[in-house]
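Chain nomenclature is as follows: A, B, C and D, assigned in order of appearance, with residue numbering initiated at 1 for each chain independently.
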Amino acid sequence: MNLIYDKLINAKAFIFDVDGVMTTGQVLVTEEGMMLRSFNIKDGYAIQHAVKAGYPICIISGGKSSGITKRFEVLGVKDIYIGQSDKQAAYDEFKTKYNLADSDIIYMGDDMPDLPIMKQVGIACCPADAAVDILQVANYISPLNGGQGCVRDILEKTLKLQKLWMNDLSFTW
Amino acid sequence: MNLIYDKLINAKAFIFDVDGVMTTGQVLVTEEGMMLRSFNIKDGYAIQHAVKAGYPICIISGGKSSGITKRFEVLGVKDIYIGQSDKQAAYDEFKTKYNLADSDIIYMGDDMPDLPIMKQVGIACCPADAAVDILQVANYISPLNGGQGCVRDILEKTLKLQKLWMNDLSFTW
Amino acid sequence: MNLIYDKLINAKAFIFDVDGVMTTGQVLVTEEGMMLRSFNIKDGYAIQHAVKAGYPICIISGGKSSGITKRFEVLGVKDIYIGQSDKQAAYDEFKTKYNLADSDIIYMGDDMPDLPIMKQVGIACCPADAAVDILQVANYISPLNGGQGCVRDILEKTLKLQKLWMNDLSFTW
Amino acid sequence: MNLIYDKLINAKAFIFDVDGVMTTGQVLVTEEGMMLRSFNIKDGYAIQHAVKAGYPICIISGGKSSGITKRFEVLGVKDIYIGQSDKQAAYDEFKTKYNLADSDIIYMGDDMPDLPIMKQVGIACCPADAAVDILQVANYISPLNGGQGCVRDILEKTLKLQKLWMNDLSFTW
């Protein structure tokens, strides 16, 4: 019995934190104080492919940069919440909008602000280098670090289990 | 018998994907949503040296940034295709332009949009950290990751086998 | 007996160097000669959480970029000294302002300009990849490198020992 | 007998390549085609300290960016050659200007354009991740990679052997 695969095979939606999950956790600060982030292209491929496959995908970040919004709009993500000092309201809104139960949702986070939702959600995931308090509550710890493909890992695993990874849409972006 | 060396010694042209091959797969997103990439100088040396040696070299990327074009123009690359959501047309055009057979071409890619051409081309190569579906079809997996010298690796191996690596042109850029 | 934990449990304030401690030690130089730094978000979380918990936190850097100031202002840090070619004056001013003894202060540095204060301060800490002369005088060497979470490590350890890590303020930023 | 320490103890001057020595070999390309580099602060500390100690220090790069010049001017380096497609002329000019013999000079390079000078110079050094043709001719291979402290390594070793590392100038920048 592999409990996590049983959960992934029934997952209906994905929520991702940004810093430390979509990125290595580094932010490049400009002289004007803007914070620039580096995103992973293999993660990006998997996100746009999951969008095309029809999954609701949600981004909830404490960060405020418009670069976050622009990155995920390009990938077709519709539910992008930035500047969320408390993530609960965004989580509830997304759940209601798509009529989802906690058990339907895969959530990947890496640090303390993610902890309350990770205790509530059905399938709590984190990168290998998540904070220790997060590692302790995760249902699935990706072998990959934040920004190094942990998002791709959980998306590819789930879509392969649900037979939606390899199809006519797989070879175009 | 070393099948891959037998193939490299007869190779006539090179095609490279960009993200995850020429780069580590990270893109730095600006506040305006522009995507900036970091390229490897040792790869760059090998590309301009191969151009001087007369090899047709082609870049096919799904990315749209003018930074990609500018990077490879500086290295002397003439066939640069960006914004290719489907890579087949660019591949066919390059093959026809230089009168090449599939078996003459080394192609290095790292993710799903590269898969159809990697099944067609004579010498399919990928970085060590390519997607698992790519690793399975590659004729040669470089020991180096994307952006960490995998392009240099395949160019240096091929030009050394073809006795075109070390000559009067090797010490100037 | 664990001497370092005995020291951390009584610490009252934190001072951090920037380059090589808050960052990996890399600076991105623009065409205009500006120096841009990448900061770690998990470090950032811990800094703003320690500020909320009431600890005096001080930044002393030889670097001059306004990006440094802006990064730490956002996190609530009040005592930010940049452009300090000699760090002693800033150290003395901070100590006096908050009526601190040397033994109350955790200082984390990584290179030669930090050496005199590290010999004076009560709790001298450094990242795993500090200069060898710094490693030799440190009371605590973090297992993590500069920019890879060494700041988070010392803050989290100290606040956990002092029972100020996990509380109602932990889940908002 | 340790031949390399015998050489370092008599060295009088330093010449460094930039890409792959002072940097990891990555260049960040902007939309306008400018190439931005990341430099290592521990390398920077050692360079300005060696300048203060009176060593002639020279930079010879094939790269053309003004960011290179600005980075090293700040550190007090006076002999900065950029845009050198062939490095021999700059090498000869520096040698003549300071009345140096080949055997007086430490040269650190990492790729083919450095090869002719590395065969000529008294003390040929390279980072651990230099090109294979460079590794073969080096008198000293630093255990550190380009941009990861290989420049600091050779400067610190030499100045410690020559008793010029630790003094009143060591703690200010």
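Methods note: contacts are C-beta pairs under 8 Å (C-beta built on N, C-alpha and C of every residue); 3 or more make two chains touch, one makes a residue touch a chain.
Everything numeric here is computed off the predicted structure, so don't read it as measured data.
Contacts with chain C and chain D are shared by no chain at all. Interface residue usage between chain A and chain B, two copies of one sequence, is largely distinct: under half of the residue numbers at the contact are used by both copies. Centroid analysis (C-alpha atoms only) places B farthest from chain C.
With centres taken as mean Cα positions, chain D sits 43 Å from chain A. Note on chain placement: the centre of chain A and the centre of chain C lie 31 Å apart, centres being C-alpha means. For chain A, the set of residues that touch two or more other chains comprises 28. Taken as a contact graph, with one node per protein chain and an edge wherever two chains touch, the assembly forms a single closed ring in which every chain touches exactly two others. Of all possible chain pairings, those that touch are A-B, A-C, B-D, C-D. By the touch rule above, chain B contacts chain A in their complex via residues 19-20, 23, 25-33, 62, 85-86, 110-113, 115-116, 131, 133. Chain C contributes residues 28, 34, 36-42, 45, 49, 65-68, 70-71, 74, 147, 152, 156, 166, 170-173 to its touches with chain A in the complex.
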